[in-house]
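In what comes next, chain A is part of two complexes: it sits with chain B in the first one and with chain C in the second one.
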Partner chain A sequence: MNKSYMNRLLKGTLTIFSLALLAFSQAPETVNYKCMIQLTNYEGEGAYVVVSILDGDGTYQETLYVQGDDAEWYRDIEQWWKNLYGVRRPELDGIVGETVAGGQRKMTVLKIPADKIDAGYQLRFESAVEDQEYYAQDIQFPLTTENLKQKMEGAGFIRYIRMIPQAQ
Partner chain B sequence: MTISIWRYSHLALALISGLFLVLASLTGIVLAFEPMQSAVKPYQPKNLAEVSLATTLKALEVEYDEVLTLEVDANGFLLANVVTFSGDSNQIYVHPVTGKQLGVPEVQHPIFKFATNLHRSLFLKSVGRFFVGVVSFLLCFIAITGLFLIVKRQGGWHKLFSKVQKDYLELRYHVVLGRWFLIPIIIIAASGAYLSAERFSLLPNARLTHDITVSTEDGDMGTKPYELDIFKQVFLNEVRSVSFPFSDFPEDHFEIALADKELLVHQYTGRIVSEQPYPFTFLANEFSLALHTGKGSIVWSLVLLLASMALLFFIYSGLVMWRRRVRNGKVARIQNHKDDCSHIILVGSETGTTYAFAECLEQALTHAGKTVFVSQLNDYTSYAKAEQLIVLTATYGDGEAPTNARHFAQLLKTNPPHHNIHYSIVGFGSLRYPNYCKFAAELDNMLQAHPKFEPVLPLYKVNNQSTEAFQDWSRKWAVATNTALVLPVFKQKKVSLTSVNLRVVSITDINLDDTFILRLRPSKTPKFCSGDLCGFTPKEDGMMRWYSLAKYQGDILLSIKKHQKGKCSPFLSSLKPGDMVQGNIKKNPHFHVPKKVSELVCIGNGTGIAPFLGMFDENQKNIPASLYWGGRNEESLALYAPYLSASQASGKLVHLRTGFSRVATTKTYVQHVLLQDAEPLAKKLESGAVFLICGSLTMQNEVLDVLEDISQRQLQQPLSEFEQRGQLKMDCY
Partner chain C sequence: MLRNFIFLVFFMGTWVLCSQENIFLQRAFWQANPTIAQVEAAIAEGNDITELNGNLFDGACYALLENVDNTTIQHILSKKGNGVDKMTHDGRTYMFWAAYRGNLDMMEWLVQRGAKCDIEDAHGNNIINFAANAGQRDTALYDFLLGHGADINSTTRSGANALLLVSSSATDFNILTYFNKKGLSMQSVDAAGNGIFQYAAKGGNISFLKDLVAKGVATNTYNAKGENALFMAARGTRSKQNHKAVFDYLMGLGLEPDIVSTDGSTLLHYLSGKNKDVALYKDLINSGLKADLANKEGTTPLMMAARSNDLAIVSLLASHTKNINLQDKKGQSALTMAVARNEPAVVDFLLSKDADHTVVDTKGNTLAYYLVQSYDPKKPEPFEEKLASLTKAGVQLQMPQHNGNSLLHVAAKDNNLSLLKRLATFNMDINQKNDEGNTVLHLAAMSTGNTEVLEYLISQGADVAVKTEFQETVYDLAKENELLQGKATELDFLKSE
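Up next is the complex of A and B:
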């Protein structure tokens, strides 16, 4: 067994360790934001709403919340399906809620990774109703601390959303 | 006419939606278990009617960092959306008083998820939902038409739950189960259809909107929700859900959904900012959902489960009935040409059962060398060589013609026969119905009034598809027309028989009527009862002969007439005391004396007296019993006299009336004696006395006519009323 081989082995082991360490240290810290989604008075079934974080180029990063538990209809939320859910099938446990109907509102808590706030990311709300329209950008805004305190008006089935940091 | 419209719609709708219905019922069976499974969870430790909303709000405030929503589900469990002190957002079941977590809602089991999707939309999303909705709607009509058909069949709404006429299994239980499950099925179908209509926005909007006047009042921001009076007055059993104020700002309100209305409540003053009652459509929707899914009720889920299973059975049995009807309707066999046949059998049947008798008769006639043509009454036409016309017909519902016999009267007018034809009519029916064989009687009148038709026999009525009665008629007909007619043996249901060794205790001499009494003692003591049957199989032909037995002091008592050419009775008459003989006992429960009975009227002729001898002997409670018996003369009676006088002496038989047919110049039969006692008999009938008839079928039919007459005249009620009450029991041969 020669020396260079030993060295390579040592290096490799170290790399694995450091990578593992990095992975643990990067367990993302999140901030709780209370979020209320108020729907418009449309007629029909409950609306499907998906809240996702996109990077500056508009690439899907992660899903924060899915309103609607019948996966049969997820395909209707086209952008999200094509770019994220339909491709990667991420685990949605704990972030799925039942749909609410037109005129109703929904309250939930969004866990937003702290490192993505004020870092050039976007928050997107897309909405769809069975057999009706789909709004890819019902609401979309830069993910900044300032924006997260605002009331945002929607363009589709969402009338507005309100968010406030959850008191710790 | 009307009945066929009901039936065709019932069948057509069922065929269109059949496949969907099979899927829907199968998945329905699976889904019925879901509410049962969740309802048994231990998440409701308190009676919700005793817990005020304020109590729960206070507990939750202590237990959690923040509460977003609170919901009381169908099972009465409290489901809260909370943020814990460690910052986790959770959906959990909470204790109404302590606020502690009781459990976590389970993710719907994949089986239920699969079944729900299949049940609701067949995995076809909106298209599937549309189909399912339409099928639900059709199912409503199938059930409603079915209900009408049953009512019609049973002879009216008030008789809906009376006994169902004897028939083949699928038909019988289609009716029996139909009576119980049609209402739940209508509820399931209607609620399903309603939910679909809601889904496709066919109903007025069920939404509720609040007009909020911007309130200027701020209140004291230190006030806790549980301190507000309004929450102390609301109890959890009235609450559907609570949505907590989004922020601390006074313009954010509590949204309280109660049973019948929604409130917006100021979070610091408790003032009701807005109050809106739920629109009717919203409540109807909620109600439909509860009825359709069984959420929150184990009992109703169970009903839904059974109804789904019943639906599967209805589909199966309906198909069987349809196939039978189609098969019976068109005669598939190669038939003789109508104009070549001397014997024409015409059938009127609603359910197809009468065809079995027609086929049997056709076989026998063909065997006897006759040319036979079988058809339905609706196909009546001219028959060039017809000599004998035999009509076998049932009666439908309230004395109407069966569907395939409706046009007969009209056809008879348009196709009068060119030569004289002999006819005979057999009516099939059930004594339970007031218009017993009414249609057959109408036909009989029609043909009697017709110059070209001559009756061979008077109208013969067959009760409850009795094969014995049909055999009896065929013998009479064979004699009247001088035909060598032997009916093939009807398929008999297998019954379990008890085989017993019997020792002859005593045997009387044969009297003038060739009749003797045989007393047998069973080696074991099998359970039997007067009115049961005792059978013997003579070695010569291996055919079992049955005799109505009396249980007399533990022994079997038989009254047997010796037929010179017979195979069984001569053998039995040759027995000596002490001989052993092998016999069988068959239960005959429809001819037992009921346990609770106020009075007995026994009517019989000839050897038909046998079971009564035992019934009197067993009459320990001295229930008033009378016997009407017809025989040839005093000497015929002498055979039974020792038994009868013993029963009379001990008060077990109080009234004995006899009629003799060979004594005076006028023949007196038992029915004539009954007519003499019309008044007391009517009273007995009215007071609930049970009438037992045993003897020859001819006697039975005469007696029934007399009783019908007595009942109609004296009580203004059809005899069928009493038959339905179980007051008429018959065992004739």
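Up next is the complex of A and C:
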């Protein structure tokens, strides 16, 4: 076995190993929850809703879902805009849905990182409607397995949400 | 007897009209410059002087916009529910509309009653910038705003200050000099790098452009998107599109027309939505611009014209387009856009050029979806004409749309009873579930503010016993609908046993 072959073999192994590591660190294991967001029957345009994971100090960790596909209105979700989207412009591909009108409901699938469940994090639903109020905490609760089974009542444009774990 | 009958019909006709349409939300009422007595008479007839329409305009907004006498406006604004902080269209108070019309007397009146001058609308415009963009050039108006807390350095979300914005309507240097003295630089640029010359090009006043050139203002510069002043001229303003002469003048200064911006757009993309100057298009196409070039959104100039321009422009661009069936990133073709927004003649024209009537957008909506979205019960003729053309071409109304919705689901979501009735003749299954497990009756129970639409659907065979995938009955959904609250007993007809 010559030396260059050994080098190549070593390099190849290292590459595969580091790729595997990269893949692992980029895509942590997620648990899928089917999430139904039921809006109250307010008058006005479709509500923009953003679902985020916050840590124990209230710092934004991750955006799970954005209801509303016109980025022009993202500023209306003030805290998310000021602390996350307006500053870092994270990629939202695949997690954006269209708005629905007052009284209607929306089904989506939230991919929740398994390591953030029962680990001191919060799940926040922010909402805003054009020319109307903004609710920083329309719904917010500790991200625990128990809470993910409950029907959660909203304080703003969201009447309630329900979640069902999906078969993996 | 006959006379009585005619009187009765006439009387009922006006009564129905009044009960449906608040006269204060009709611009014609304000265009006639009503007196206080006329306003009071209309209030006595039951019209609501504080009601906001769907776009959040109220009577007072329209009175300001139509330059009604200030005595009448002041009377309206003294009504409870029309306070100086009332939020109207795009998050604007009455101060914005008064400034928009240059009505300094009303601005002073409002400020005496506590109105603020240092606020922004929902698009991030402060009142100075809103007035400047509207073309107000009265320096007394700006003196007043600046004297009451407005910030001269405030910019729009595009980074434009008042000096740049007013350049689109300026006819001489007076107003620019004024803003310059108040602290805004003549070298100001917006976030994209557009300066005075670009904003003046937008307004298209050739003699003012010549004045700028004489002053030595740079003309042939590019903004961050790689666009020169021709692009701003192509945008035009909200109220005015520029004629070929403006473009000829700018090209005479050496500005190149055949530029593609960083988002893949050419001058034709900016022109084709609104500009109707056929000679201008011909000239640009001759100089090499492509009528079928897709920008980064996948939009071609033909699509923009098909959405909102005249048949003359659509047919000109179509004659220079190889494939009229291109779709943008949302999956919409030129025909999709014409069905959704434009006149029946444009739809017919595109169909005559073999536009594909089976086009489906990325969400799964067919042309039938866009057709019903365009339904206006007050003006049904365009809908009926487009429906006839599309049916003849082979469009199926029974095909499922996005999310497995039928057209009945689409109508029920919008709580659109007249559309549901119009669709009744097309033999659609009223009890079909969409992909989320909801029937038309489920969606109607969630959306409606009265029981009429529910009674109608049941009369058409909608089944009250069907449950959602969360095991909710139609009754459950109606009971938690805030708009139906206090009507619990009236909902008993929804119970299945």
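The definition used in the following text is that the second predicted complex is superposed on the first by the 141 of 168 C-alpha atoms of A that agree within 3 Å, B and C clash if a C-alpha of one lies under 4 Å from a C-alpha of the other, contacts with A are read in each partner's own complex, and residues count from 1 in each chain.
The definition used in the following text is that a contact is a pair of C-beta atoms (placed from the backbone, for glycine too) under 8 Å apart; a residue touches a chain by one contact, two chains touch by 3 or more.
Nothing here was measured: the structure is a model prediction, and the numbers come from that model.
A.B. asks: Should A:Asn32 be classified as contacting the first partner (chain B), the second (chain C), both, or neither?
C.D. replies: In the superposition, A:Asn32 touches chain B alone.
A.B. asks: One more residue to check, A:Gln166. First (chain B), second (chain C), both or neither?
C.D. replies: A:Gln166 contacts chain B only, not chain C.
A.B. asks: I'd like to know which partner A:Glu130 touches here: chain B for first, chain C for second, both or neither.
C.D. replies: It touches chain B and chain C both.
A.B. asks: Spot which of chain B and chain C makes contact with more residues of chain A, would you?
C.D. replies: For chain A, the partner with the higher number of touched residues is B.
A.B. asks: In the superposed arrangement, which partner chain does A:Pro90 touch: chain B (first), chain C (second), both, or neither?
C.D. replies: A:Pro90: touches no partner chain.
A.B. asks: Output check: A:Gly120 vs chain B and chain C. Expected answer is one of first, second, both, neither. What do you get?
C.D. replies: neither
A.B. asks: On the A-aligned overlay, A:Thr108 touches which partner chain: chain B = first, chain C = second, or both, or neither?
C.D. replies: Only chain B; A:Thr108 stays clear of chain C.
A.B. asks: Between chain B (first) and chain C (second), which, if any, makes contact with A:Asn41: first, second, both or neither?
C.D. replies: both
A.B. asks: Contacts for A:Gly56 in the overlay, against chain B (first) and chain C (second): which applies, first, second, both or neither?
C.D. replies: neither
A.B. asks: Please identify the positions on chain A that touch both chain B and chain C, taking each partner from its own complex.
C.D. replies: 36, 41, 101-103, 105, 107, 130-131, 162
A.B. asks: Tell me, which parts of chain A touch chain C in their complex?
C.D. replies: So the residues of chain A touching chain C come out as 36, 40-42, 75-76, 98, 100-105, 107, 130-131, 159, 162.
A.B. asks: Taking the complex as given, what residues does chain A use to touch chain B?
C.D. replies: Contact set of chain A toward chain B: 32, 34, 36, 41, 43-45, 70, 72-73, 94, 97, 101-103, 105, 107-109, 111, 130-131, 162, 164, 166-168.
A.B. asks: Within their complex, state which residues of chain C touch chain A.
C.D. replies: 56, 87, 89-91, 122, 124, 363, 413-414, 436, 443, 446-449, 470, 480-483
A.B. asks: Could you please specify the touching residues of chain B with respect to chain A in the complex?
C.D. replies: 65-66, 68-69, 81, 83, 87, 89, 91, 117, 121, 123, 125-126, 199, 201, 205, 207-209, 243-244, 246-247, 255
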